[in-house]
Amino acid sequence: MSNTGDSVIVRFVTEDDKEGWQGLWRSFQDFYSVSFPNELDEFNFKRFLDPNVKMWAAVAVDSTSGKIIGMINFLSHMTTWDFKDKVYINDLYVDESSRVKGVGRELIQFVYEEADKLDTPNVYWCTDESNHRAQLLYTKIGYKAPKSLYKRNGY
Amino acid sequence: MSNTGDSVIVRFVTEDDKEGWQGLWRSFQDFYSVSFPNELDEFNFKRFLDPNVKMWAAVAVDSTSGKIIGMINFLSHMTTWDFKDKVYINDLYVDESSRVKGVGRELIQFVYEEADKLDTPNVYWCTDESNHRAQLLYTKIGYKAPKSLYKRNGY
Amino acid sequence: MSNTGDSVIVRFVTEDDKEGWQGLWRSFQDFYSVSFPNELDEFNFKRFLDPNVKMWAAVAVDSTSGKIIGMINFLSHMTTWDFKDKVYINDLYVDESSRVKGVGRELIQFVYEEADKLDTPNVYWCTDESNHRAQLLYTKIGYKAPKSLYKRNGY
Amino acid sequence: MSNTGDSVIVRFVTEDDKEGWQGLWRSFQDFYSVSFPNELDEFNFKRFLDPNVKMWAAVAVDSTSGKIIGMINFLSHMTTWDFKDKVYINDLYVDESSRVKGVGRELIQFVYEEADKLDTPNVYWCTDESNHRAQLLYTKIGYKAPKSLYKRNGY
């Protein structure tokens, strides 16, 4: 559990956070102009809570209002380059009204700490080339790898 | 099993391919100016051959000489964006003397076909921004996603 | 002459602005980790003021304090793609303490208006890929062209 | 005048090259999916031949057939960063059937030499991010600057 300033707490999701998480998950989809079926929410949440599945979610909670204002979903997977897994931050979202307060940074910092505890400290993520607001943060807590990402046609 | 022209066969690695695969794995490391311990070769090969581990390797074999001239290592991992896994091409390497003959394309095509069989058809990979030779191929069989890749400092 | 909010005026430089412009020109060099000889200041300023030279500079002036808080240097040059010249914004700098107040936008807007008056409305500029703060603005008043810039080795 | 292997000569255009140059200029436009009026051909050619205009064109001529197989158009313009002009390679095109023979390299080399003679050795150019074939050459005779190019909306 980590603390941003005096009023935000970052912690793993629990069963009770589902609704709050879903609200941000919807906003996140809007931001990326994608739309997932509701069943995927259920499936993801089950994976987050299952101790046997290496997929997790953390939320940032405003400790005054109790409101969930940020979420970060991450998972770990193998790599041929190491004995250890790598941790991939799949999604990060902070409520529009809570931006520029260090919440995004705290969420990533939470992942770093969990990755360290898991002894898989190698963490990476992707963002839209044109998302400069996000990258103002990312260049402070990480670095841009000089890589191009390719996808199979149609996917 | 797929066939490039009349002389190259692409197939999953078997126990007997270890030495040939290692030769390309070394050249691949040289190309990227990295160096992995030999124990990682063993660990990877064990994962490739273990039917319970979702990491695989295929090789391109010159059917005349029997020589292994190309390798592709891939794995599958979860994503919060889908019920299905995504397939990640971790490494692709074709022997320098066998370039520009469609071997790289056949190796990726092999992964596409296996991904389809696994019902996880979503395939992606990364390459150095400055590797234009590789991208001459990649733009034909895939597309560049407008994403920037970030890594945790120190990794 | 254009006005940001009620207190900033953007206008072409005059002989009297030399010192103020030089202060920002120094800060600009610091930002880009370059260092030009003082003689270049003189040479540039002469070009800005010479009606026969298609190089100009405008400054943003805080109308309360009279202080110069921003500068933009631009020039026009031929292109084989058009009968008309293109306008290149060579340098843009806003005093650190005056950021996020729309001064940068007003300076570029001034160039757009002058470019229109000159009947050479095609305006372009470059920025560091990693300068996300600047690009937060640039994506609002322009668009990123999918181009790579190459330079002769040694320059 | 420079020589690629034994059969290609690179030289400035003369009045007689107009038709050959125009053929490549058309192909160049097709490649970039643009279309300029014929009057622009005339205007450009006039500028190339006018000793008072800092815009030039060179062609690569197959010395056996006498055919023009490549063209390069360049110009020089001011910069606030230097007393000297910079040379901008506006267009480069090599006939499709003459690719991969070093003609592109010879054309750029010609510009480098002329830029040196003019005492304005700083040369730069742009290319499409996705033009990997061109960049296979450009990374050998130049380097990619880590810059993003922005244009005014509508241009």
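Labels A, B, C and D are assigned to the chains in the order they are written; within every chain, residues are numbered from 1.
We take it that contacts are C-beta pairs under 8 Å (C-beta built on N, C-alpha and C of every residue); 3 or more make two chains touch, one makes a residue touch a chain.
Chain-to-protein mapping (UniProt): A, B, C, D = HPA2-like protein.
What you see is a predicted model; the values in this text were computed from it and never measured.
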item	value
Identity of the chain that, by mean CA position, is farthest from subunit C (HPA2-like protein)	B
Pair of chains joined by more contacts [C-beta pairs], A-C or A-B	A-B
Between subunit A (HPA2-like protein) and subunit D (HPA2-like protein), centroid-to-centroid distance (C-alpha), Å	47
Centroid distance [mean C-alpha coordinates] between subunit B (HPA2-like protein) and subunit A (HPA2-like protein), Å	28
Chain centre separation in whole Å, for subunit C (HPA2-like protein) relative to subunit A (HPA2-like protein) (CA means)	39
Overlap residues in subunit D (HPA2-like protein), where contacts from two or more other chains coincide	130, 135, 144
Contact graph of the chains (line, ring, star, complete, other)	ring
In the complex with subunit C (HPA2-like protein), residue positions of subunit D (HPA2-like protein) that touch it	34, 36, 39-40, 43-44, 47, 53-55, 73, 75, 77-83, 88, 90-91, 112, 115, 121-130, 135, 138, 141-153, 155
Residue numbers on subunit D (HPA2-like protein) that touch subunit B (HPA2-like protein), as the complex places them	130, 132-133, 135-136, 139, 144
